[in-house]
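Across the two complexes that follow, chain A remains constant while its partner is chain B and subsequently chain C.
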Partner chain A sequence: MALGKEQMKTLYRNLVRADHFDKMMMNRIMQGKLIGFYHPGDGAMAAGVGASTFLGENDILNPHHRAHGMAYMAGKGIDVGRYLAEHTGKADGCCGGRSSFHWSFPEQKVYGASGFIGWHFCPVVGWGWASKRKGNQVVLMASGDGSYGQGGAHEAMLSAMNWKLPIIFFCENNGMAIHSTADDMHPMPDISSLAQGYGMPAVVIDGQDVFAVAETVIAARKHALAGKGPTFVEAKTVRLREHDVGTPDLARAEPRDPEYLEELKQRDPLVLATKRVLAEKVLTQKQIDKIIKEAEEEVVVVEKFADDSPIALPSIEELQAGVYA
Partner chain B sequence: MSEVRELPLVEAIKEAYQQEMERDESVFMVGQDIAGGIFPHTMGLVEQFGTDRIVDTPLAEVGMYGTAFGAAMEGFKPIVDFMFAGFFLNAASPILAQTAQFRFIHGSQMSLPMVITGACGSGMRLGNEHAMLVHNMIAQVPGIKVCMPSTPYDAKGLMISAIRDPNPVAFIWHLGTMMDRGPVPEEAYEVPLGVAEVKREGSDITLVANGIQYKNAVEVADKLEGDISVEIIDPRSVSPLDIDTILKSVDKTGRLVIVDESWDSRSTASQIAAQVVDVGFDMLDAPIRRVCIPDIPLPGGHMEPYVAPNPDAIEAAVRDVCQ
Partner chain C sequence: MKSVGIIVNPAAGKDLRRLVAHGANSTHSEKINAVVRMLRALDALGVERVRIAPDPSKLGERAIETAADGLQSIDAGILEMPWLLGSRTDTERAATLMCEQGFGCILVLGGDGTSRAVASHCGEVPLIPISTGTNNAFPRMLEGTLAGMAAACLIRAAAGEEALQRAPILRLLADGEEVSHALVDIAVIDILDTGAVAVWEGHSVSELFLAQARPDSIGLSAIGGCLEPLEQGCGEGLHLQFGALDHPAAVHVTAPMAPGLVIRVAISEHARFAGRTPVHTSKGVFAFDGERELAVDSERKWEVLFDPHGPRVVDVQRALSLGIERGLFRDDFQPPIP
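Up next, the complex of A and B:
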């Protein structure tokens, strides 16, 4: 189903915003103004934006770890100020400043990040089960090619298909997991070929094309809401930089080929999207400039909110009071 | 005797791998991204030993650990690297329910020589999952040994002992000690498992600490010098635990503070306290103090420095016991 112009505008704006947020995070980690690490998402923000922008309010979202979820925030209306405050250990952080990068917004049904890659393959079964019981909601579970090494992926897909759970298994395949290539770590070129064994419908799409991703996820969501069960969506994307800022950028033990990386940069999602919105007269250059300016302003507001918030230094007693409900 | 060269702790671990792999063909490493290297302890090993012995696996802790588990039964001596030690929890059932208890329950017929390793600990503010020290979770289970080095010398010697030991041994190392430099002899040597060391002699109080907390203990002892004479014991292994060395010291000092970067309840600290009270109640001139993580998940953010054991907390405990 083709997207409407308004939908394309929204996607374009969210892509610009996500790109600015990623750059903001990059700048901050370089300046030592972020706690923990940062796994940059530049050149790979379209998949998350496309997948999350048209989620429903009741839908459950598990963002992919890359870019620390920044690509997935727009659709869920995440307060990026409170997110950044969390990532900087501030009192106004979404988890009171105690989680480092393990943020969550349970009210928006973003139940939380974990540092254990693939952790979500366990709760996703219950997210799907509960969504089916309740009706009118689906689960978007995003993760990377690497995460499908986890045995839990099998268990999740098994129950999801047995019970026809409304889950979208959204895989961002960037061909890498730290220094390991997907070619070395998976016997088949497409991660989504795993879905075959369960009879789960699967599609492979261009993760650099924010519009294609959105169209596909909208369709998968409809399929799930109609009670037809899960879909596997594999978005092919790229990793332009090192795994996390400061580590060497290797494939196995060798530096990644700069020419190859240069080639990957040619398919920048923002460049592709800009071409299309201009060609199809969805947006004018003037409107685009305005969107960019607004994104820049939003970053200023977000950073100011986080920076103005006091450092979270609760007492041990206060912390103890938070362990049990 | 010629001057012994100094190495950072990670390099000491790496040298242990290299020397044991050269010595014994059956030793190999399995892990994620160890060929490229996440921490420097595996960097360059793949050039030296090839992909048959430096084995990268998919992002799959169970399968990765399974390589070690099964191969150990077939006579290999695996070193399985979990990167961040907390990730061992993904393979906790084969490690704790099977491997550790396997030999005993199957009539003590076979041994499972292997090293389970990973880095962890406070200092980087990464939050509970990456920072969480797992030594006590593993040490709860009989059949698997657990050690944690505090110095480069011990790191190399303990790793060599761990590789040569016929049992599963968890070698947990603290990220905060990674680049600590210290003398490391070039030849291969063993630091025995299950043997503590008096690292600094003193007469007023016994202070037990390992990993990064050993450094904090030294800092406190230096600060208190001339005022309180602190004897520092590094347990080196937490299972089996060398309680005799600790008791001998407490017999001399009459006072005991134990630092353990772990939850307080059911920790090595509480275990040492219990054993000292059992056997050495009459030696004590003051209550034992434990400096641990209170029973809350270790937060990241700016809270880690004061929630995890730290020099101020150690000093306060020492002063409290000595007043």
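Up next, the complex of A and C:
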């Protein structure tokens, strides 16, 4: 159950990659090189990387919208070039350049985001039911604390528990839902408290610790594959920046304290993970420098792929083929 | 009159052992209820001021709001702290402030790890550790009202050391210098990772040093408790070395490693110790009070020191007895002259 040295290296590498991709997206939105919005993941990438890096190929992933799922994408091994091309309206995008932030990678069983927070609760029961029938896959459903204010959350957890579905309800609790604070929105700000009402095993972990997240999700996945049903994992994390680029960073109607946000950077997962891998001699500084250099090079390749891809100009027939109702 | 402090760890009792064992869920609502009960008891027995350490979930604020209607004269508030990081640092900062501000007692709600964080920073302020964690070696199961009453007895009716005990502490030394410490156990785990922090796989322990070993506890110290219990105040620790289950010379012990997780381990050697004793294992990770934290550096000389002069802990029964004996529960109570 405990992580080995190679697993720790993989997690660290994915965390560095995810962090570089997040910065890439930030740079591009500021340069006007992305379609739509960007919801930065700065300082909150460990939860997604830890949760998704050791999912199986068959496992269904519904990523969190923060950093547009990039932490989960890096972990799940999707083609980031096609992901960026999608965000730039290019023909080589994973959905033909039509979705921007509402992407999907069905071939890797990654079903992405919607403009409606909490949309996923009901579909996830269907994915869970399918996974149970197949018997060799689990569903990781990631969302934030705000999404658990939606009524569908109750229906999903109730159904998942009644039918013992192999679903991991993975909640990134950063204490903020756009401008609302979690303690204003939830009587009990530990969202995992909700799961206990359904008799669902629930844990709260440090979402800034990529290794802790991975070990927990590995245990939750094993629980699901053993036919024991759903689990709830609440990863406490932070939001270091505004909800999305261009929106004021407010808590209620007041600007968040910049001094406090600066202090929170001590909890940056990359800072914590770097200390850990050096202290435990999992990696040397030279190896870390190499990982960073490779991530920088990967960003260059990804951006070139997206930039070189032609602008998506689908025909009317192609557009209609994607309309179901 | 000295103030009473309350530190609640919102994260205690929620870790991985809910998944891999059968740990109880210590919910926010139950923690708030426990604090409400403490506030009511402190108020009823005449404590003038209580400060609750702030936490990101605002458990203290919620408890004060809930208790407010029934409180008569106590000044109940939140300890002023500039900001919170949502980590152990918050607990340590709160304990430091309560020490600096001369608090008379701190009620600590959490597990062994929480008590350790407080004990590291509270100086000589006496503790009443109450279990809301997974394992209950240092803190004990104690109803909130009684805990509040014991704190009130200590503040108002006891004097000096008469209701206090010294808990022992284990100090880990690297090349003769202290690098960390534990209130209950220091373990060497033969795996590299410090992943989800909590130690729950008994078979991965290679060496164990205990300051307490009681048969009525759960966790690593229970292994010692089920093999050779240490009497309270005996002035000695217990050192265990683990072997393979099929080792012919091993003593096999069945012990509760986590709630609902009773496992069999093989002990190749065990001995009581006082003072310093060497760490034999040269690779792995040190865990302090059940939480993995520090990699073993094979180039350093590691020792564990049993120090009988650890944190001051309130003897709850003794404090309550003194309170009754000195009339704190009667209307004609006269506070002792200091």
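To be clear about the criterion, the second predicted complex is superposed on the first by the 317 of 325 C-alpha atoms of A that agree within 3 Å, B and C clash if a C-alpha of one lies under 4 Å from a C-alpha of the other, contacts with A are read in each partner's own complex, and residues count from 1 in each chain.
Just so we're on the same page, a contact is a pair of C-beta atoms (placed from the backbone, for glycine too) under 8 Å apart; a residue touches a chain by one contact, two chains touch by 3 or more.
Computed from a prediction, not measured in an experiment: that's the story for all the values here.
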*When the two structures are laid over each other on chain A, do chain B and chain C clash or fit?*
fit
*Mind working out whether A:M185 is in touch with chain B, chain C, both or neither, as first, second, both or neither?*
first
*First (chain B), second (chain C), both or neither touched by A:E297*: neither
_For A:V323, using the defined touch cut-off, is the partner it touches chain B, chain C, both, or neither? Pick first, second, both or neither._
first
*Who does A:G151 touch here: chain B (first), chain C (second), both, or neither?*
first
*Specify the angle subtended at the CA centre of chain A by the CA centres of chain B and chain C, expressed in degrees to the nearest 10.*
120
*Counting only touches as set out at the top, which of chain B and chain C does A:D289 meet: first, second, both, neither?*
neither
*asked:* Quick one: is A:L250 in contact with chain B, with chain C, with both, or with neither? Answer first, second, both or neither.
replied: first
*Which holds for A:T231: it touches chain B only (first), chain C only (second), both, or neither?*
second
_Quick check: superposed on A, how many Å separate the nearest Cα atoms of chain B and chain C?_
17
*Quick one: which bits of chain A touch chain C in the complex? Just the residue numbers, please.*
1-5, 7-8, 175, 183, 188-190, 192-193, 196, 201-206, 208-209, 211-212, 214-216, 219-220, 223, 231, 236, 238, 257, 259-260, 263-264, 266-267, 276, 279-282
*In the complex of these two chains, what residues of chain A are touching chain B?*
35-37, 86, 89, 93, 97-102, 114-118, 146-151, 177-180, 184-186, 247-248, 250-253, 311-314, 316, 319-320, 322-323
*Tell me, which parts of chain B touch chain A in their complex?*
32-33, 35-38, 46-47, 56-63, 84, 86-87, 89-90, 124-130, 294-297, 299-303, 306-307
*Contact footprint of chain A on chain C as seen in their complex*: 10-11, 14-16, 18-20, 25, 27-29, 56-58, 83, 85-87, 191-197, 201, 204, 285, 294-295
